[in-house]
Amino acid sequence: MGDTAFRSRRRLVLGVAASDAHAVANRLIHLMLVQQGFRPHNLGVCTPLAEFADAAADLDAAAVIVGSVNGHAVEDLRGLPDLRRMGRLRCPVVFGGRPSIDAAGHPAARARLRDLGVDHVLDRPEELPAVLDSILSAALTHA
Amino acid sequence: MRELIDLDRAQRRRLPDWSEIVDRLRSSTRDTAVAVLRRGGGRPALQPRCGVGGHPEMLALLRALDRAGAPDLLSVTIDSHTRLRHFATADRARRENPGQLNGYPLVAHGWERGRALVDAVGVPLQVRHGSPDGRDLFAVSLAAGITSFEGGGIGYNIPYAKDVPLAESLRAWQQVDAVTAALAGHGVVLERELFGSLTAVLVPPSLSLAMTLLEALLAAEQGVRCVSVSYPQSGEVHQDVAALRAIRSVAARYLPADMTVFTVLHEFMGVFPADRGWAEALVHYGGLVGRIGAADKVITKTRQEAHGIPTAAANAEGLRLARAACSPLLDFIRLNEDRVTEEQAWIETEVAALVEPVLNRAPTLAAGICAAFADGTLDIPFSASVHAHAAVVPLRDPTGAVRYHSPGALPLPRAALDRQRGLLNQRTGRITEKILADINYFAAREPWAAEPEEATA
Amino acid sequence: MRELIDLDRAQRRRLPDWSEIVDRLRSSTRDTAVAVLRRGGGRPALQPRCGVGGHPEMLALLRALDRAGAPDLLSVTIDSHTRLRHFATADRARRENPGQLNGYPLVAHGWERGRALVDAVGVPLQVRHGSPDGRDLFAVSLAAGITSFEGGGIGYNIPYAKDVPLAESLRAWQQVDAVTAALAGHGVVLERELFGSLTAVLVPPSLSLAMTLLEALLAAEQGVRCVSVSYPQSGEVHQDVAALRAIRSVAARYLPADMTVFTVLHEFMGVFPADRGWAEALVHYGGLVGRIGAADKVITKTRQEAHGIPTAAANAEGLRLARAACSPLLDFIRLNEDRVTEEQAWIETEVAALVEPVLNRAPTLAAGICAAFADGTLDIPFSASVHAHAAVVPLRDPTGAVRYHSPGALPLPRAALDRQRGLLNQRTGRITEKILADINYFAAREPWAAEPEEATA
Amino acid sequence: MGDTAFRSRRRLVLGVAASDAHAVANRLIHLMLVQQGFRPHNLGVCTPLAEFADAAADLDAAAVIVGSVNGHAVEDLRGLPDLRRMGRLRCPVVFGGRPSIDAAGHPAARARLRDLGVDHVLDRPEELPAVLDSILSAALTHA
């Protein structure tokens, strides 16, 4: 697996989007990240984007990880451009889960999420470590 | 009646007079949801979940299901924003992009459109949501003439919100119950269904029953004399039939003698198989379990559950699969009754152990419930809310029945825990792997017959 | 091999060389029908009936079913003209108005097109027809590379023709069997399925089994060592499971020890309910009975059975309903085994009484069968053919099981008849009314949930 | 029910069309007609139209009743105009059963049967007595 000590150098903010109460994936992903040496701070379900931003600022987090499976990701992340503009959310934003309410809507929703400024749009938790590693190592290099 | 319930001011302004609402409900010649359940007919009433954002689309969906699925009741499933009282967001979304909503924003569409939904179909509607505080939604539902409303202060808080104090949600739902009771005084008996599915993933039956029993007692305090108690299919038939029967025995023991209790089975609420063959078999199996367990109602799932909000056609097919399972042609099916009896006795014991300490606690039942959640003697697995400890760890035993691997602080009797540990000890492996495997109990099966999804569509 | 079978001269001219036919069958890497049955998998293989007149339409139908219904085998159901060797009529009809044919005229379309059918789908095909003399059809099927052929000298004559002497149909089918045996010698084992459904309306199980047993013995005489024995669901589950089990016990008793016997359940073959809910329940029930009775294969019906030749979509839905019934999720289902055992013993007794006199008769088995039909000691109800007395009158007992009200001249044991009369005496009413009611046993049920047919289409 | 003695004054020819082996309805209808005082001669299943014509001529039948449920009625009755033209089939022809292979095809098939010269196209056996009574009484009046 190589040296993963750098994973614990910066905090990560984890949570579920504002309108979404699905807790199971969030709990499991939290567990997985801890087991793999990351240091996630879990805001849990139904978390407005502004709370992600505040927590990221407070903890000087390397990334914000927003989960959503209820189909409302685009709506729940619509405030992202404003937060970016106001400088309230500076670190990379990773999205994971179901981007839309059905399979047919996923491609368009993924594109919308990227337009909103989401840096990584993932489907499966297994994709997360590699993406976080790249974010963390970039952050540590530039720091 | 207006004084029984605190509503959002804007909402109150938009609603018709209470007297008009009550008169309309009283004088309606349509079947109420309770009338459908009372009529029975020797098999469970069938009801799908369904809700889309646009109003014309919702009308079309209800009509399509009514026609093609022959349901006994239909749902108005509410979108997530409305559930959480983000009424403004729901309103903007339904204007700008209704097709992206995961349910029907009834409050934003308003009660007049709700009436159009009621008038669109031949069967009664139920509002299904997940609002810790569903008062405004309730008022709009009544104004629309909808005679069935799901929810309760525990089951619509802990799985559905992060940080709504239990005392708040219980108070909100006490008001809903008070209005329900007052309406019954006017001759309008609503279906008040209590959501026993909780977080829907590996919920031990006694935990589901304990929570709905407490909600039923809270409703009874407000004068409600008719409730539906729902229970989520675990997937092990003897356990599920035992749980459905236990709803009745537990109700007989703890609830007022004059209280009518309907039993509702939720077809499997956990992670569904993506494979169409397995999904269809599971939808059918749910109907069969409901029927063997003599449920008054079964809420059906669809073969698209793992894939997204279902199409009307897939939803109708789910209804029809469940209907085939309820056919009198299957009257011959027998279970191992000894196993069912044994399970039922344990469920009753566990429910008593969970509920009785709460009943004997604190000044009020509501306060007792809050205190019990605070110290973890009431708790659920995978809680969405910070107001439950989420220290309970469930697992499946080798037969597939859901057991307490760890009870957290739940005051379960030693004998019950020993029995469950004995059953669970037959399994080997790491605990996190076992939990994952159990979450995916049905989803992880080998394809039943490989073929593309939507081939018939 | 050519010398084993007499073919229509025109037909023979059009066919490829026998050696080419055999080589192609031998070298094919596709699953044969028997391979699919051998593979088993703990649940019945599922197969729909399907056949339309036009060739492109037939290709499309097979592909649609293969995709949407996930069958284990597919059928090429042959049109009525071809069945009766009205090849010229079939040929004109398929050219002028193929959409009006009730099946696929394989002889008229020719073996090259038959190969296209085989190549179109991933599962093996079976030719299902009803030809008293199916020799030409058989030859074309083989040339097409089709590895399963249904029929027999009794079951494809008496229900399917007015006036073909039994001796003729038996001789034709002996030739089919001889070729089948010769092919097995070349390593190509065909599925030779015997049609036990007869006239399909109120057929007593022992009568069905007696006829297929005689056909299996005729096939064995020609060297065939692998047959499928089909039985039509009566609708009473204990009787049906008993009958399926009796196929095996009777085969073990009378057939060569080295003969493989697959059991096939025909989903209810009588008058189907027009009501969609009942029809769906019955289609599902058939799958369930097949699975409980451990049938190797189930031939599925559709919810449109009462209405006409089904659409591909409805046919696929029928397959999926039967599949849901075969799910491992239903492994828990138990029957009253005592009832099944008792039924099975009686069926075995009756089959012995019907078959043994024929075995001990006349110079050859075929001659014995002809003589027995001539004097009515073999007979079927509602015979289409003048070569059966049709003196048997069946009725349903109060449980729905099919019994002999009058055995005609069938040599059934006194004890068996007394038992059945005892059961039937519990019913009152005029005999013609009772027969009508029993013919419409499933069709006459109250609508299960009223709604327009084709609502989902 | 009135006087139905006239029902036995003339024979009727009953049967099922040439390609159709469905026997049950035919047997039941035969029984019904006999019980109601008619005198049907039943040719049974799979009966070519020419045989109906010959039997009708032999028996001086008042009507020919052709059943078909297998969907091939139009094809099986396509020889009717020729038989009429040749004077081999003079009495009224009654058709009963399923005119086509599916419900969608029934209206067109009914029209085709009438074009071919079928006098009455029926669905249900219960319609038969009234139609036969009218045919028989007309025949007896004109006789």
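Structural remarks
Residue numbering begins at 1 within each chain, and the chains themselves are lettered A, B, C and D in the order written.
Simple rule for what comes next: a contact is a pair of C-beta atoms (placed from the backbone, for glycine too) under 8 Å apart; a residue touches a chain by one contact, two chains touch by 3 or more.
Remember, it's a predicted structure, so these values are computed and weren't measured experimentally.
The minimum number of touch steps linking subunit A to subunit C comes to 2.
The chains that touch subunit A as well as subunit D do not exist here; no chain meets both. Between the CA-based centres of subunit B and subunit C the separation comes to 46 Å, rounded to the whole angstrom.
Distance from the subunit A centre to the subunit B centre is 31 Å, each centre being the mean of its Cα atoms. Separation between the centroids of subunit B and subunit D, computed from CA atoms only, is 60 Å.
Chain contact topology: the protein chains form an open path, each linked only to its neighbours in the line.
Contact between chains, as defined at the top, is found for A-B, B-C, C-D. Here subunit B touches subunit C in the complex through residues 67-68, 70, 237-238, 277-278, 280-285, 288, 313, 316-317, 320-321, 323-325, 327-330, 332-336, 448-452, 455-456, going by the rule given at the top. Against subunit D, in their complex, subunit C makes its touches with residues 79-81, 83-84, 86, 89, 93, 97, 100-102, 130, 159-163, 199, 201, 304, 307-309, 382-384, 386, 390, 432, 436, 439. Partner subunit C is touched in their complex by these residues of subunit D: 18-24, 27-28, 31, 44-47, 70-72, 74-75, 98, 100-105, 109.
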